[in-house]
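In this document, chain identifiers A, B, C and D correspond to the written order of the chains, with residue numbering beginning at 1 in each.
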């Protein structure tokens, strides 16, 4: 059965929130609640109460990146020093700790930052294809709710959304 | 005092900020041209120096470093306050930073890029610059990881790339706004490309928040480490006047100090030019000014600590340098540094001065002059008056080539900053919205509480 | 040093053969001269020549007259560096800075490359044939009386050949001129010791009392004396030698003295007599002579405190043998000979003659003995020129236009000579005045023999041989030119010599026996001689005459202060620039003066007290005015000078001599008065009186020392210790 | 593989090389300069110009402090306010002290200056990028930077002059740091020759240019770890030890040690390889 997208715009977050609550409660056939996406001009972390904990995994990237960066830094540097001891520094060991720790720290940060950003792109799914329905109003001041549902469920959903003072509803053209 | 209103329309925020991206006025082009010309002077000096040799800078043995390194430290210092505002204050949930951190962060990036140039023009064989990079080669030659200069290179690379990422990541939602509001053209294409398809979905926002916070966590210690490492260039050496334990905090304080005064300068300029009075309010300015004042006192204190520890130590060579600084050839500059760095900021203690824009503008410029002198006064006295009296030399002054490049660096920085202001929103729109939203929520909550009390 | 695996025998063999090879290549018409090759062909190299392996040839340093033996390092046909020849008794493998710079004389870019004939203000390049023909033409019908031959100090076979050439005209006008030669010393020594140049055993002395003899700097044979000095410092019987230097302007030697005694200019002789008096050991004539010189008077006249005189006398009495040296600073006065005689008398009184002053060995070929230069010869020449006596003048190894005292106006006198021929390496001031300039081979390209004036141990004849092929095709050796000229006169006698090399070889081999050749065959002996670079001879030595006569010794009271020109001008001789002939060697220009550390320029040394009086600060351009003109130079405040004297170094201030010399500094010769020593007729270099005035300009003095000068600022850098606190005999 | 090597030889890489527990073997080049013999005549300095292809920079550049004399002779006066320096001057030849724990080595970003196995402080011209950090950190200020491109400067080595250049020593272009090398080209040649005979260099087989020229033989140079060498004997006689910052002499009362060997700035612990012998002045006058 073919699915269609529907975007509703709300004036404020409370309305959108209420609409989402109702959609979840309504348990409409042909509509999976996970297919609901909230679009907002600023971050509303309250939305997690409504949508449920959709976890962010960026931290794991950060951890791995920072550790790898640090380890790589230390071993790369110490290894390079150990294999290049023709260039001795008088009065210093071939593998000296203090300078290596400084560089290890820098590599730790570098790895952490780079991999975190990578993790962000991966987790947030960026760069992304534009979703089928979008309104520039979302980046201004309105809240958008994008749902994907079976053709059959569309009308019901629309009803719910309109109930909560949706300003405008965009529908994907039928196929 | 007037602050950002909680009832400001979000659409107006978009409108106001996007207006700053509109086609520039004539004056913009004139200033940009001047900046370009100044940068051209620097380029010309560098080309001449590259072809003739570093001798044209009027450096000598042993007076081997000059304004290049001083100005390098100056620009590195400039970069610090951007991070302070964007990362450290972010972690502290200081909301007032939101309207101003974007340009501060840009300032960080561009002053790092300027500082990088000075490393290039300083070295004798620019064409072999890549030797200092740790790339694997068939001969197994690596750079010297023990050298503070290499730590410097590494730290600056890390800092610059992290700052760029931080600036960029934090700008993605705003780029999406730009994309949505631009007519077709190169700008639209650019914003479409850079906004990576941002639509403000809940998933995007969620990961965005975590990432932004994480980078901020990394950036704060990184910024501190960068300037301590620059301090290590000196403190790790054996020279009198440099081999000082308090150098790293002293440098960090100096960096924050010059950065904050740089922010005040740019704040005032942007506020005036883009008519951002509604966003860059005087109450924010007041907060920065107070911060600057606090840092200036820390800097003064660390300065005093340095002098005191030298004075009460048994290190005659360092003592000589201190005396030399205060009474010798460089005394006018050294006292100028004390005046600009420790006396001038006292005006900021007065409430009336804290919001008096012309006064602040003048003071911020003087502070930065003082901080530049500070860097020069670290370099010059030690080179002219080191351990070995036979080689003491107080007669060497920077040549016009050196001054030309210092001058050019300001042109380069101005140019980068001006281009940035016209291409990217210099006020973070989504965060101003957040600020407004949080305020209205707060207001509503207190209203409800009031009602409940009734 | 030697990178090859040769042992010594191979090495010598190679040197011997290479000498021949060089001879064959260097003196024939080689492909180099034809312009086909630049230096050495690698298609057919000599078999001793291996790329990247250096070979070493012995020769003789021509930078000054000391006659140090040198070893040239040659690689790929180029001479790279000069080292001392370890077998030399004179320098024992050592060299001075001046000697090191010999390669810059050779490679100097400003050398004359073609014979030049004056045409208007320009020199036109001509061929040698034309040059010779021109000389022949100019000499045609000119009597020997009308020819003057001016040279610097010459010795060895070149002197013989030159003598023969002059004989061919019946010419007696050979003027041997050296601007700063120790001519007064020679005369005084001749009177005091019976020889002009005895041997001074500094190393055997326990005390050296030197009156202005800069034996570590520019005096007689400085490299030799420096080695003796080092031994003297280590001490005889573990007792370290003590050096006392008496002079008005501190020389390098003075700077190394244990006690530097500043003396009023010109009163050195009085001090010497005062010391004899204080010793109280003299008797007879001498005692009578010095009776008047009591401490009070001597102290008053010389400015040396009485206690100092006593201390010196006590030390000389206590430690024997000692050595007293009379140097140019004491001799540069109208009474210079008297000063030197008084100083030499001290050696007699102390019983040093025969112990530390010994007879030197003499080369048994008097015709090769050095013709020593002096300034009296210049005066005679100048007078002759002014009288219009000379139609043709030859000039070799002398630059009187630069070095003659300004009062002589030598340049104008020179113009009165009919035809002037200069044999020159560079276009110096004198060559610029010549009608014909003949380009010479450098000392590293030429053949020759040299007999040093100061013999270190046994007698020796130094061999000078080419260290590489000629750099410029059209230069000739002085010997070859003389040979060519003499052939024009006495073709029959000299036709058997193809070139000067052949002449030299024949002349040496003729005396093989006397030169220690024994029964060796000619080739072997010749090759060995070349490879050694020195012919050491048993030599004979005249006994010293212990003549301590005081007859005729009379010292004038110090000159009264001249109100118009209150200051003595001391033209100082630097170890590297000497009389200015080497100023075009950039290493020497950039080698800081040891005492002031100034480079590339002249300066006026003034005592800080005097400077304060005249309100002069370092770097002020001051005008030094004497009776014969003035010079302007930067002032340098120098504590080691008598406050009534100023000093300007000689050697700089060239108007010619190439890019490295021209335009740097000033030439104090220009303002020297023409005052002569009454006895010898030598120019009294120190007799010029001047006044100093500020011009108002100021420059930053270009010098090596930093702005705190010679202060150590409380740091332990150059440390000194008192002699009773160390035990030298236990050192390595 | 690098990490393997690192882990296997870990303890070796943590040695404080080379001053404490790893003596140089078989060479440690060192010098001793007798200031009592040194006359300050400058012959060593000129010999250095000749041997090491040092450029003559000319008056103007000298005035700017850009001279390239690897060996400079310093002249000090007594600082006692007397009218005349009646104890003469003091001369001190100063060149790279070839420190064992050289401050310059650790700071070079590209490892262009290093400690060699035979105890020299080497300078790799090809590697140098000219950051001049080494010079900044040198307490003796004996490092000289090529402020201009001297090999292409017509007045430095004009056409004929460049034929004098020593082919064993490179000329240095603009932008690199240089300094006294202890005539490393001569050391290499001598070591090579000795190696081919299966022995080490004997004392006296190799001389530095300054030592060779010095008319007063004030400079001695050789292998400090060779007990037969003059330098070794001198250091031993003066009780100066390479890796100490305080010597016997310093511990004794002023003048009570009868020793006169010292090293400059020992208290900074660079452990220089050049020992100076104090100048002696007669106490009787």
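Here is the rule we use: a residue touches a chain if its C-beta (ideal position, glycine included) is under 8 Å from a C-beta of that chain, and two chains touch if they have at least 3 such contacts.
Source: prediction; values computed, not measured.
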**Message:** Under the document's definition of touching, what chains do subunit B and subunit C have as common neighbours?
**Reply:** D
**Prompt:** What's the fewest number of moves from subunit B to subunit D, given that each move must go to a chain touching the current one?
**Reply:** 1
**Prompt:** Farthest chain from subunit C, comparing Cα centres?
**Reply:** A
**Request:** Give the identifier of the chain nearest to the protein's overall CA centre, each chain being represented by its own CA mean.
**Result:** D
**Complete:** So, in whole Å, the Cα centroid of subunit A is separated from that of subunit C by 90
**Prompt:** How many angstrom between the C-alpha centroids of subunit B and subunit A?
**Reply:** 30
**Prompt:** Where the centres are mean C-alpha positions, what is the separation of subunit A from subunit D, in Å?
**Reply:** 63
**Shared interface positions of subunit A, touching two or more other chains** = 80-81, 83-84, 87, 89, 92
**Prompt:** Residues of subunit C that touch two or more other chains: which are they?
**Reply:** 700, 705, 711-712, 715, 717
**Fill in**
So subunit B residues touching two or more other chains come to 141-142, 144, 146-148, 150, 387-388, 390-391, 393
**Request:** Would you identify the shape of the chain contact graph, picking one of line, ring, star, complete or other?
**Result:** other
**Complete:** A full list of chain pairs that touch reads A-B, A-D, B-C, B-D, C-D
**Request:** Spell out the part of subunit B that touches subunit A in their complex, as residue ranges.
**Result:** 9-11, 14, 134, 140-142, 144-148, 150-151, 154-155, 157-158, 161-162, 165-166, 169, 172-173, 176-177, 179-181, 196-211, 214-215, 218-219, 221-222, 225, 229, 232, 430-431, 433-434, 437
**In the complex with subunit B, residue positions of subunit C that touch it** = 700, 705-708, 711-715, 717
**Item:** Touch list for subunit B against partner subunit C, complex
**Value:** 316-317, 320, 387-395
**Asked** Considering the complex alone, what residue numbers of subunit D touch subunit B?
**Response** 61, 64-67, 72, 74, 94, 103, 106-111, 127-133, 135-141, 143-149, 174-177, 265, 268, 270
**Prompt:** Which of the residues in subunit A end up touching subunit D in this complex?
**Reply:** 75, 78-95
